[in-house]
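Listed below are the structures to be examined.
Both complexes shown next keep subunit A, but they swap its partner, so subunit B is in the first and subunit C is in the second.
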Partner chain A sequence: MPIIIISSDVRDIEEKIAKEVALMMDYQLLDRRVLPDIEMRHQIDPGKLSESMETTPSVFKKMTSRQWRYYLACIEANVFEALLKDKIVCWGLSAHLFTTNVSHAMKVRILSINNWNSGKNSEQKGGTSQGADKLIAEKVQQRKKWSMTAYNHDETDPSGYDLVINLDQIDPVEAVKTITNAVEYLKFQPMTYSIKCLSDLALAAKVNVRLLKHMVDIKVQARDGSVVVLTKASNRQKRKKIAAIKDLAGSIEGVRYVEVHVKKNILGETAGNSF
Partner chain B sequence: MSKLLEVLLLDDEPIVGRRLKPALDKIGCHVEIFENPREAVARIDQKDFDIVVTDIRMEEMDGIQVLEYVQKKCLRTKVIIITGYAKVELAREAMGKGVFDFIAKPFRPDDLRQIIANAAQALGVPIDLSSIKA
Partner chain C sequence: MAVITISRGAFSLGKIVAEKVAERLHYDVISREILLDASTRFNVPEIKLEKAIHDAPGILERYRHSKQSYVAYIRSALVERIINDNVVYNGLAGHLLIKGLPHVLKVRITANIESRVAIEMERNQIPAQEARILIQEDDKQRLKWTHALYDHDPRDASLYDLCIFIDKLSVDNAVDFICRAAESEAFRATDKNKQKIKDLATACRVKATLVDEFPNIAVTCEYGNVLVYISKDQATGKLIKKLNTIRDNMNDIYHLETHTGVPVPTDAV
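== the complex of A and B ==
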């Protein structure tokens, strides 16, 4: 069955619609409740994964870019693993940003500007509509920056979605019906190609997590158990890094072959950096 | 199996037909190979195939056109698309037009055999893959 991924500019709305869709379709929900399990599995401090989904790294923040990338990779790998199972409605985990190549993942965006204006957000700014407008603009900018930095996709761009529903014009009940009807379209049905895409992405994500725990500058692609790792290293570190990557990636279940492509890291050369 | 599954295989690269025909013969398919889409549709006019396996990118006629042609001729026929240019948009277009399955090249003969077996199941003529997997 297709995967349904729901995202919105308003978290409460996203949750409400996702729950209704899951109930109506008899699908499982996949959401941020999985984060504590992922933290435990990867021995990450509680709350860090949630934080990584809201902020971007900077020199002034406690979360370094390396940590942030690793945390996102952990989430991604676990989400992919869950998506391999059937009948899933996913929300709150930014899956729409890293499943763009999966044709049976239907990405839905729910817009709800009036919910912003009428809710607690306008109260926070003294109840004025200008205050609420400003808050919306800030929030939109923040999400745009986060999604661009994390996945090089603008989350606020409607063209990245298969279905966009404006709750200011469509009742939530109708929105749920629209989503459950759309998911029946032939275009969103799984096929050998899309299922393979998903399993290749899941394997690449698993390898990525393993490697990011030990090193930086890693990009992983996978196809049918063959893994290609793109990385950077100084001339001095090149052989050692290739061996380490082959060792780490090769020990992952499902990996049959590992190829490593190394670009010269000029900064690492001069600074004498390790991995 | 009493009746052979009638399969038409269309790919403008001769190597594809040469490699896949023996792989499908082993599971009880009678395979006719074509490299030219015009000749393939002429044959489809003459005979109702159970399954048509077609490439997408070909000169004169593409795989989607072949799919549409088959659907006009015989709705029962299952069409499987194989392509070296797989993209989400193309996969969705093919699925939207009613293709049975879509697979990216390169693939293993076993992958196609599994899809053929699924199509055979959908046609009500199941085939057993277990004997050739060893």
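== the complex of A and C ==
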């Protein structure tokens, strides 16, 4: 069965639509409630994963770039694992940004900023509509920056979705019906190729997590159990790093062959640092 | 019944989608006819109107305001056409020219650049590189045009009610989505909505009559009461005379007044 991924500019709406769709289709929900489990599994401090989904690393924040990448990789690996189970409605985990090539994952964006802004939000906060506009514009910019830094993909770009529905005029009930109807379309049905694509991505994500725990500058691709790792290292560390990657990645279930491509790290060469 | 505008980049299959939607809903499809209407009504060569709605204004045009005039004529012709509902407009800038009307379903069809290039290559029998350059140039012009005249980005999803990525879906799937949305309660032409469109048509007519000589005026209309927003230096005897003529000649105006030096409402044309 297809996977449905809901994204929105307003968290409340995202949750509401995802829940309605899951209820109507009798699908499982996959959302941020899985984060504590992932934190436990990877021995990460509570709340860190949630924080990594909202902020980008900077020198003034406590979360370093290395930690941030690792946290996102953990989320990604676990989301892929859950998506392999099928019949899933996923929201709040930015899955639309890392499942772009999975054709049976229907990616829907719900827009409702004007509705939400001009209605309850500005009144609830006792602020002016202009103030709320500014706040929301800042929030949108922040999400844009986050998605670009994390996945080099603009979350607000409509071409990243199969369907974008604006709730300013369209009723949420109608939007839910549109999504559930669209799921039936042939293009969103799992095919051998798209299932294989998802399992390859899941394997790559699993290897990525294992490697990022020990080193930086890692990119992983997987195909039929063969894993290609792209990394950077100085001439001195090259052999050591390749051996470590092969050792770490090779021990993961499903990995049959590991190939490592190393680019010269000029900074590492002069600094003489470790991985 | 609704009015549907379908916006798309060149070679994104938007035209086929528009035709199929119209066929299924028994609506009229309009596109270039608007330019012919405007050309006849305002006595402007069609080629100038086509350029005005397609190409971004050049430096001289920004000072001459000719583009504003032509766009006002096109807008007026378009609103007159959609006044009776049941219309699919797949020409340029529909979502901007008739914004503010609740029963207008604004749709954007997007497609991958590669598939657009493939369609253009096949249709015009040209090499891929040439097709790509032409499409990119067209997109650039659309972007500049929308920025210059409306300060928007045509790719901004919040301008539309539905954005459909046609590559993964088929034309028929897109038609399903659009028809379903068009038939929903939100896009029914209620009496209130019909009045709104009549008022918009009146405001557009007034604007089109004045825009050539007074390019920076703005017009609103509510239940036949027309407000013309002007700056202090525009409040001349010439304008007053022109407004008196408009008041005498347009039967659907109950009352017409000018507002000077006040902020222009966002829904003004």
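By our rule, the second predicted complex is superposed on the first by the 265 of 275 C-alpha atoms of A that agree within 3 Å, B and C clash if a C-alpha of one lies under 4 Å from a C-alpha of the other, contacts with A are read in each partner's own complex, and residues count from 1 in each chain.
In this section, a contact is a pair of C-beta atoms (placed from the backbone, for glycine too) under 8 Å apart; a residue touches a chain by one contact, two chains touch by 3 or more.
In this text the structure is predicted, and so the values were computed from the model without any measurement.
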Partner chain in contact with A:Leu111 - subunit B first, subunit C second, else both or neither: second
Contacts of A:Ile170 with subunit B and subunit C, given as first, second, both or neither: second
Which of subunit B and subunit C A:Tyr161 touches, first, second, both or neither: second
Which superposed partner A:Lys196 touches (first subunit B, second subunit C, both, neither): first
Touched partner set for A:Thr100, first subunit B, second subunit C, both or neither: first
Touching partner for A:Gly250 - first (subunit B), second (subunit C), both, neither: neither
Touching partner for A:Pro46 - first (subunit B), second (subunit C), both, neither: neither
Interface residues of subunit A shared between complexes with subunit B and subunit C: 103, 185, 187-188
Contact set on subunit A toward subunit C in their complex: 103, 109, 111, 113-114, 156-159, 161-166, 168-171, 174, 177-178, 181-182, 185, 187-188
Complex contact set, residues of subunit B against subunit A: 86, 88, 91-93, 95-99, 101-104, 108, 111, 114-115
In the complex with subunit A, residue positions of subunit C that touch it: 102, 105, 108, 110, 112, 155, 157-158, 160-165, 168-170, 173, 176-177, 180-181, 184-187
Subunit A to subunit B touching residues, read off their complex: 100-103, 185-189, 191-194, 196, 224
